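All remarks here apply to the structure that follows.
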Amino acid sequence: MNKKFSHLNAAGGARMVNVGHKPVQRRRAIATGRLICAPATIRALKKKALPKGDVMAVAQVAGIQAAKRTGELVPLCHPLALSHIALSFRIRLSAIDILCTVETHAQTGVEMEALVGASVAALTLYDMCKAVDKKMRIENIRVIEKIKE
Amino acid sequence: MNKKFSHLNAAGGARMVNVGHKPVQRRRAIATGRLICAPATIRALKKKALPKGDVMAVAQVAGIQAAKRTGELVPLCHPLALSHIALSFRIRLSAIDILCTVETHAQTGVEMEALVGASVAALTLYDMCKAVDKKMRIENIRVIEKIKE
Amino acid sequence: MNKKFSHLNAAGGARMVNVGHKPVQRRRAIATGRLICAPATIRALKKKALPKGDVMAVAQVAGIQAAKRTGELVPLCHPLALSHIALSFRIRLSAIDILCTVETHAQTGVEMEALVGASVAALTLYDMCKAVDKKMRIENIRVIEKIKE
Amino acid sequence: MNKKFSHLNAAGGARMVNVGHKPVQRRRAIATGRLICAPATIRALKKKALPKGDVMAVAQVAGIQAAKRTGELVPLCHPLALSHIALSFRIRLSAIDILCTVETHAQTGVEMEALVGASVAALTLYDMCKAVDKKMRIENIRVIEKIKE
Amino acid sequence: MNKKFSHLNAAGGARMVNVGHKPVQRRRAIATGRLICAPATIRALKKKALPKGDVMAVAQVAGIQAAKRTGELVPLCHPLALSHIALSFRIRLSAIDILCTVETHAQTGVEMEALVGASVAALTLYDMCKAVDKKMRIENIRVIEKIKE
Amino acid sequence: MNKKFSHLNAAGGARMVNVGHKPVQRRRAIATGRLICAPATIRALKKKALPKGDVMAVAQVAGIQAAKRTGELVPLCHPLALSHIALSFRIRLSAIDILCTVETHAQTGVEMEALVGASVAALTLYDMCKAVDKKMRIENIRVIEKIKE
């Protein structure tokens, strides 16, 4: 374990790491997350909301907008111009899976943007279902792919 | 299951629910979350960063600032004036537990604010440790207390 | 015309008018707007997008989120805690009508919030249709109701 | 009508379109809008406010600041670094015309930025005149030029 | 010196102090600041810009908008609904004095809002004059009045 | 004095200057500021807070986050993607010195970003110490280095 904590300077203070010397490359990251809820919530969601797509559409928009603001939310992230953001969902028996893909052409990667997008989409689903389900939780927010070309 | 989805109107469209008729009450919510990481990450964190408190302090600030902006992140949440926000952490062998407490004196509750604070603190810890640990994940974001007086 | 410009002080400088002496009242405002587009755009919208509700849902979310941020966009508006925001749409042969309703319990009215919500919903519809229609325009952004109780 | 709705993916969900493959080009867009008001409002504006330039200056600043935040307001817009924004006005007998010019050097155009700048400048003028004129409306928000080099 | 640091909890961590028990009162704060510049800058400003009021108007708007966002900028400040904000200026031979007044009806004071308003107005003046004066500095940002009723 | 005010157009109106023709260069700026406080405040800060690093860490984060948002705070600044931000402090007998370094690879310089970072860090220190010291002031906010390569 001799890799260093890149956000800490010699005196231990926080800083936004200098990426000025890194090459501009096409970079992509995909993150996932899962909202665990009751089967009855999923059934209600399917019957009432999914035919109109609204709950999913609101969560999609929320995830996209949050990913764009990652640099405001996560203090030591660089502000980045993103070239692509997409959120998709898979409805399970007692859960909703969230997948967030982000791309940029920049000097640093976008895994934090993908994680923020997935997290805020999950929080938005939580918000829209909480009137019918008091015991939800969000699980397994993680990066599943990170590439640069 | 005859409770209704409070964010959906008759036609299924999204709206910010009308809380104008609800009483102004003191309300509190507590949410938790957990960042799972390698034991070596925790050891490195303790040796290098915790003596200065910086990693935790950055995550605390990030969680507090995000909780204040919940109404911007979660589309159907009401913008609220919060009277108190606190973030605390417990370091485990291979995880960091996050606890976020939020209070208000308002017409609607603050569980989303507490969930957002815990989530963004976890994401900030992730960001600050990702140079040394590529396999972290965030688990168990949930509300553990919600009261009004 | 002896009413005064409430945002201008004695020297003509801009200020946010003092509403500290005004009573806290329940206030509501409704604003409308219209996106004029080609009939073919409406037909395409109905065939491809409306069954899923997505275009409308995205515009709804955008209008709601923008209304909440009116104090950031219109410099001399007061930041307000809103108790209700709703956006609805009516599809016409060659136009989409937008209706935005906002309520608060505050010392000042919310017509600017309703106008901002309607405007940003219209701009979002424009953005989502501009790939198929280059000649759209937004018309008739105005307040149709403003009450206090 | 076989052009596709670029913001909708195969399943009809919203996404921020991928512009990663498009060339970085110098791009400019100009949008206009009009605030219709009473002749007495224009006369009052000229007598009281225009000599100091304040009403126009506030609207200029509001339009410039809003154009920079287009990616936050219109959900599926890309965040862009803008190289130039200018707002200008023409005072008519019973209207104020607004012209907003935006330039960038990017992979996607800036007509939404120009439309947002013109719209928010118009809303700001509305806000500053609404104490003396209750019947204003905003008309004819549209793009009049869009080029890339 | 037995007053405590109100933002630090028992373990030294940052938190947003709990003001839930404090009475809602009318509160006002006034802060000042000064931009020191060359006499030639003041003369140029008077000749070119002041007749149109633009430089001052832009700084006024910037100060007002920043004061409203104090809770976003200063991490441990509470988000507050402000009832009044005003910025005024006095032109001196080699300086511009800034005065920012803020009022609220809340559970906590607004000196940080007044300080933020004065600071950002000074920074905006700096930005607008920096093309003609490379040696400016900002001095004496402080609170001159803080009252509650 | 024949240099022009770059933010004013021919008619004296405000605009964001066109930097589209300028070369993309690596640019760095360093700004400083000073919070003047009582010696007892410094002693209390050292005894209670500095061992944990929290006060400084909160101010560091606040300065970094504000520098990233310069384009939102200072109306005629361009939004920029920053490649590096660092805040450091020096504790004196009756003052805290703040140093903010910012780098970018862009068409325009970053002295405003450095000034905003230093100012907001100073304001955050003020906020965290104001419970124990009512007579602080912020002095000497200025640029000490500005280079391009």
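Going by the order they are written in, the chains are A, B, C, D, E and F; count residues from 1 in each one.
One rule holds in what follows: contacts are C-beta pairs under 8 Å (C-beta built on N, C-alpha and C of every residue); 3 or more make two chains touch, one makes a residue touch a chain.
The structure displayed is predicted, hence computed values, not measured ones.
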item	value
Neighbouring chains common to chain A and chain E, by label	B, C, D, F
Chain whose Cα centroid lies at the greatest distance from that of chain E	A
Selected interface, C-E versus A-B, where C-beta contact pairs are more numerous	A-B
Most distant chain from chain B by Cα centroid	D
Rounded Å distance between chain D and chain F, as computed from the means of their C-alpha atoms	30
Where chain A and chain C are represented by their mean Cα positions, the distance between them in whole Å	29
Residue list for chain D, restricted to those that touch at least two other chains	11-14, 52-54, 57-58, 60-62, 65, 69, 75-76, 81
Interchain contacts (touch definition) - all pairs	A-B, A-C, A-D, A-F, B-C, B-E, B-F, C-D, C-E, D-E, D-F, E-F
Chain C partner contacts - residues on chain D that touch it in the complex	1, 3-8, 11-14, 33, 40, 43-45, 48-49, 51-52, 54-55, 57-58, 61-62, 65-66, 69, 73-77, 111-112, 115-116, 119-120, 122-124, 126-132, 134, 136-143
Residues of chain A touching chain D in the complex	26, 53, 56-57, 60-61, 64-65, 68-69, 81-88, 103-105
Residue ranges of chain E touching chain B (in the complex, touch as defined)	9, 11-20, 71-72, 75-76, 78-81, 106-107
Chain D-touching residues of chain E, taken from the complex the two chains share	52-54, 57-58, 60-62, 65
